[in-house]
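First chain A sits with chain B, and in the next complex the same chain sits with chain C.
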Partner chain A sequence: MEKEGKKKNDRFIIWSWIVGLLLVFCIIAPQFASHDPYEMNLLAVNQAPSAEFIMGTDYIGRCILCRLLYGAARSVYAALFVVFITFMIGVAIGSVSGYIGGTADLCIMRFVDSVQAFPSLVFTISIAAMLGGGMGNCMIAMSAVGWTTYARLARSKVLSLKERTFVSAARVSGMSSFQILIKTIIPNSLPLLIVQGSMHIGNAILEFAGLSFLGLGTAPPYPEWGNMLNDAKASLQTAPWTVLFPGLAILCVVMIMSMFGDSLNEVLNPKKNTASEKECK
Partner chain B sequence: MKRYIIKRIAWLIPIMFVISFITFSLMYLSPGDPVLIYLSQGGDAPNMEAAAELREKLGLNAPFPVQYGRWIINALHGELGTSIFTGNPVAQEIATYFPNTLKLTFLAVFLTLLVSVPLGIIAAVFENRIIDYIIRFFAFINGSMPGFFAAMLMIYVVGVRLRLLPTVSSGNAKGIWMPALTLTLCLSAGYIRQVRIAIIQELGEDYVRLKRARGIRERTILFRGALKSALPSVFTIAGINIGRLLGGTAIIETVCTYQGIGRLAIQSITNRDYPLMQGYVLVMAGIYVLVNLIVDLLHAAVDPRVRNRFIQESMKGAGNGKRR
Partner chain C sequence: MRTGKTRKMAAGIVVAAGVLAGSSLGAVAEGVTLTYPVAAPNTQSGFTTDPAIDYAGNKSFAMGTAETLFVLDDDTKEVLPLLAASIEQIEDLVWTVTIRDGVTMSNGKELTADVCKKALEYIFTNNTRIGTMADVASMEANGQTLTIKTNHIVALMPRILSEPNVIIFDTEADDYSRGLIGTGPYILDSMDPEGNCELSKNDNYWQGTPAADKIITKANIGADAYTAALQTGELDWASVSDADLALFEDNPDYEVMYQNAGRAYYLYVNPNYTFTKDDALREALTYAVDREAILNGVYGGHGAVTRSIFPEWSEYYSGENLQPEYDQEKAKQILADAGYTDTDGDGILNAPDGENVKLNITCYDKNGFKTLSEVLQQLFRQIGIDSEIKVSDSVFDDLTAGEYNIGTYGYNTLTLGDCYNYLQPVFQTDASSNFTKFSNEQVDADLAEMSITSDTEKRAELAKDIQKYVYSTNERIYIMHIINNMVKRKEVVNVPALFGGDQTNMSVLWKITKE
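For the complex of A and B:
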């Protein structure tokens, strides 16, 4: 049993290192680019991968590898930021709602129900479109929908912790409600929420790429993996590499993030292993 | 049980109310004046007097609650306004495109079940053996793949290279297969995992151990026992997915140029066709809520364990209400 626990820890440490390196790499990636990612070259349109352009060129002759490298930070950090924001908002609203209880809680939860009643993609797309697109607006749209998951989870956790002895003890010792919430209840509900957050990163990357793909995310000419695929749509039949490489980049990053989420889940949440695996679609 | 059903249906009313409110305020708050967009369609700069007149005629000068009230009353009569772009009633546009998406969704979910139930069972039976790892590995890759990337790969491999299916889906009898197969590819990842876990959990239950002890054949235990108890929850997930897919096929429909409602919605976004979008969001959210309700009730009807939990929950809910 102990050996198994150690194995899980090791796996988590390995995946944390990989994710950490990935995040650093995304920032320094532009240093490795051999061309200017914005430089158009109409003499070298849709060129197949070659020694000069390792991943080929796109429909206006830009180097795909360089655009991938420049786009990495945008594609990954936007999603991370969304996860962070939704986490903070969701946990704050959910735990306060659960702690206060009563009518306020009922109203907030009905609101959460209604937001979750929208098919999330439709809702996100329409908010992003209403706001007029762009990277910031997409992130707002994703956050506006995403916080509800955390709110619901945080609330259910707070409800079960609220009645525990250590919370009563804190109350008796004269802590204010705010202090109780911050110092006793939230720290105890964090593991579950963090697991949820780590599982969310991969989905957020996919979703952000999807919005960019629809032309709602990053505005051209800035490189971003989703909108690179959007650019490549037209040349799919003649130049499949324009599609292949950005797609693989997204796939790899999402895979790394979900492996990381799984390993974190195993460490923080050993008992509920199967149950939480069930929840993460 | 009856009490639970009534309660669930009663909850639909406030939820639909909030949904309609959110939808309406989204459009109300959106930048871009629909009147100016409508008038500048021909390419001329809009005439300010005409704009003011039209605004008065459409009732856009009224305060927010009045506009909302009017809109809600119209929506209850099935009138969702007129599409700015095509000039047709929104309800008519939705009615034209919706059946295509419905067909696509059902085909995709059917194919997904066809693929993933057997694979899930195989993975569960051979838990932690090579076959299990192979299936899980492919499911994992599939699950991490962006839908639009999968669609483009499918178009390239099946359409361009193998020439098995047309690359453009609209106006073609075989057109539905490309988006349907793509959706199957994307969906089956999650299903395989869920079927596998459901079966593994069932196989760990006491009644299975009892049957094993009685010497019943492993195959009988699997098909008569575990599968029978695990399937309702699998179908529930399928049902929920139908609701989610109806609104979630937009990107794949766009890539495959399939004439579905999702593509219509994306086009309406590009055209800034607010009434059409508003109608789409409202209708889709309504359908989604309804489908979820039906699925929940069916699940409760099929699986006695779920039914008991529901009844307990609604009793508990009633108790809480009294205490307050």
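For the complex of A and C:
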């Protein structure tokens, strides 16, 4: 049992390192670029990978590798920012709603229901299109839809915690409702919510890439992985490397974030995982 | 015993041969089916063949259910008779059209001047675009003679009647949008909700028996998917993107055909909005556009660079009046002379008033316009001008609203084989596509004269005169004239070399079949 726990901890540490390295790499990646990612060369359009252009060139002769390196921070950090914002908004609203209960809780949760009633991607696309596209508007659209999951989760956790003895004790000791929420309830809800957040990162990267693929994301000429896929789709058959490398970059990052989320889940919710493993057996 | 076995074997062979022969005969009976795309017209109404709506009339012509009175020769753009035998301008405002004898519609009804009159009345009344062009006051039908009276002199009447949207159909049939009946070689059997149609041949077609037995038109395949559909055999012919032509050019299973087109890709440079109000900046931009690089890099060389409204092969081309050639140094010099300097050292020029120059480029995300805009963004950057790209689904509305510096645009400069349908809306004061609010008295006078002049030489002279005045303002930068392509499967035969593209003459459809 202990061995299993240590194994899980090791796994978490390894994935944390990988994620940490990835996040640092995204920031310093432009240093490794051998070409200007914005410099077009119309005499070298859609060139296959070569010694000069390791991942080939795109539809106006720009170095794909350099654009991937420059686009890394934009693609990954935009998703992280969205997860952070949705997390904060969702946890705040869900916790307050669950704690105060009554009519306010009913109203907030029905609003959450109504937001969640729409397919999330379609709703996000509609909002982004309405706002007029662009990176900032995409992030607003994703945040406007994404917070509801955290709100629902935070509320359910608060409902289960607020009747516990340590909360009653805090109340008896004269703490205000705000203090009780901040100092006792939310800290005890965090493990579950953080796991949810870590698992959301991969989805957010995909969603952001999806919006960019639909032309709603980053404006040209700035590189972003989803945008690069969108721009390359016309050359899918004649220059497949233009699609392959941005696609692989997205795949790798999403996989890393998902594995990190899983390992974090194993560490923070060991009971739940053990129970589900037993059920499987 | 052996003989019995042999007999049984022989009988078996005969039966098997019979089955095979039967199946083979079945295949023959199925006949030739042609499958090609006929996209929904540019409308919110979904797929419709109702000629009252936008460009829906030409869908019937494309499918082979209806035809026009005249067609344009693909090569010379001359007006040729089709359902009509001839046309004559008997007075300034009066035209007589003689309808061909012996033509019947697919429901057996004889084609008379009265049938034509009712169809034309419907189109001229309900389709504003065509109605405005024709400006018909009244029509009279007498036997096979149709008399058309116009409100003003309409020199282009024969060309208007050869517009693929000006089809002749039976107005007494019930449903024009899904069951239009005309004189064409094929009869519409069914149309699904997406607009995919099945048609069978019209055995009583007036030009002869149609070569194919069945036609299937596809409206649910987007233009992006034409390449894949050609490769899988779902389509027999289609026009593909320039980037995909390489997949077919050396493939023995396909044939690629090209057609010079009058469609120009060009830029509107707005003299009424922010930085491009400055004449010097507009002039510099004209020198900064590297047409050769754009043609080869963005459009794979499938076109012809131009510094003129009209292609060189057209009679309206004027070699004496052209826009300047690409010269980046000259562009920089013009800006420097006009007081543009990089005062803050950020690589972007500051206007004489000190503000960083930033233009907006509005474009559609189709026909390579987004890529073209990205290339322009880099070319302008090379002379120190920053820009941002706005991809829009409604460029026409955006340009009409006037809040743009540069608009990328495509327009057929030789609609109906003539220059007037481009020059009038684009250069006449306050006309519909005059997005830069260009206004010149001489140009307006030339256009007014052109509208009432039938003489082709005089029209060419007027077109050349107009070109003397329109380039100097640098409000439009002409980049290239495109070359249309059509990829067909090798087994499809009797397709004329120029089949496909704008203003297609579909009167040849009845001859197309498969080997």
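The working rule: the second predicted complex is superposed on the first by the 273 of 281 C-alpha atoms of A that agree within 3 Å, B and C clash if a C-alpha of one lies under 4 Å from a C-alpha of the other, contacts with A are read in each partner's own complex, and residues count from 1 in each chain.
We adopt the following convention: a residue touches a chain if its C-beta (ideal position, glycine included) is under 8 Å from a C-beta of that chain, and two chains touch if they have at least 3 such contacts.
Note that the coordinates shown come from a computational prediction; the quantities given were computed from them, not determined experimentally.
Student: Looking at A:Ala117 after the superposition, I want to know if it touches chain B, chain C, both of them or none. Which is it: first, second, both, neither?
Tutor: The first partner, chain B, only.
Student: For A:Leu42, using the defined touch cut-off, is the partner it touches chain B, chain C, both, or neither? Pick first, second, both or neither.
Tutor: The answer is second: A:Leu42 touches chain C but not chain B.
Student: When the two structures are overlaid on chain A, which partner does A:Gly215 contact: first (chain B), second (chain C), both, or neither?
Tutor: After superposing on A, A:Gly215 lies in contact with both chain B and chain C.
Student: Just to be sure I read the superposition right, which of the two partners does A:Ala234 touch: chain B = first, chain C = second, or both, or neither?
Tutor: second
Student: Where does A:Arg164 make contact in the superposed view: on chain B (first), on chain C (second), on both, or on neither?
Tutor: neither
Student: When the two structures are overlaid on chain A, which partner does A:Lys183 contact: first (chain B), second (chain C), both, or neither?
Tutor: neither
Student: Considering only the touch criterion stated at the top, classify A:Lys6 as touching first (chain B), second (chain C), both, or neither.
Tutor: neither
Student: Between chain B and chain C, which makes contact with more of the residues in chain A?
Tutor: Touched residues of chain A are more numerous for B.
Student: Is A:Gly202 touching anything from chain B or chain C once the two structures are fitted on A? First, second, both or neither.
Tutor: In the superposition, A:Gly202 contacts chain B only.
Student: Could you list which residues of chain A make contact with chain B in one structure and with chain C in the other?
Tutor: Common to the two interfaces on chain A: residues 215, 233, 237.
Student: Give the list of chain C residues in touch with chain A in this complex.
Tutor: Those in contact with chain A are residues 224, 227, 241, 243-244, 246-247, 293-294, 296-298, 365, 370-371, 373-375, 377-378, 381, 388-389, 391.
Student: Under the stated contact criterion, what part of chain B meets chain A in this complex?
Tutor: Interface residues on the chain B side: 11, 14-15, 18-19, 22, 26-27, 29-32, 140-141, 143-149, 152-153, 155-156, 160, 167, 190, 193-194, 197, 200-201, 243-244, 246-248, 250-251, 254-255, 265-266, 269-270, 277, 280-281, 284-285, 288-289, 292, 324.
Student: Give every residue of chain A touching chain C within the complex, in rising order.
Tutor: Of all residues in chain A, those touching chain C are 38-40, 42-43, 45-46, 59-61, 133, 215, 219-221, 231, 233-235, 237-238.
Student: Which residues of chain A touch chain B in their complex?
Tutor: Against chain B, the touching part of chain A is residues 102, 110-111, 113-115, 117-119, 121-123, 125-127, 129-132, 202, 206, 209-210, 213-216, 226, 229, 232-233, 236-237, 240, 243, 247, 250-251, 254-255, 258, 274, 277-278, 281.
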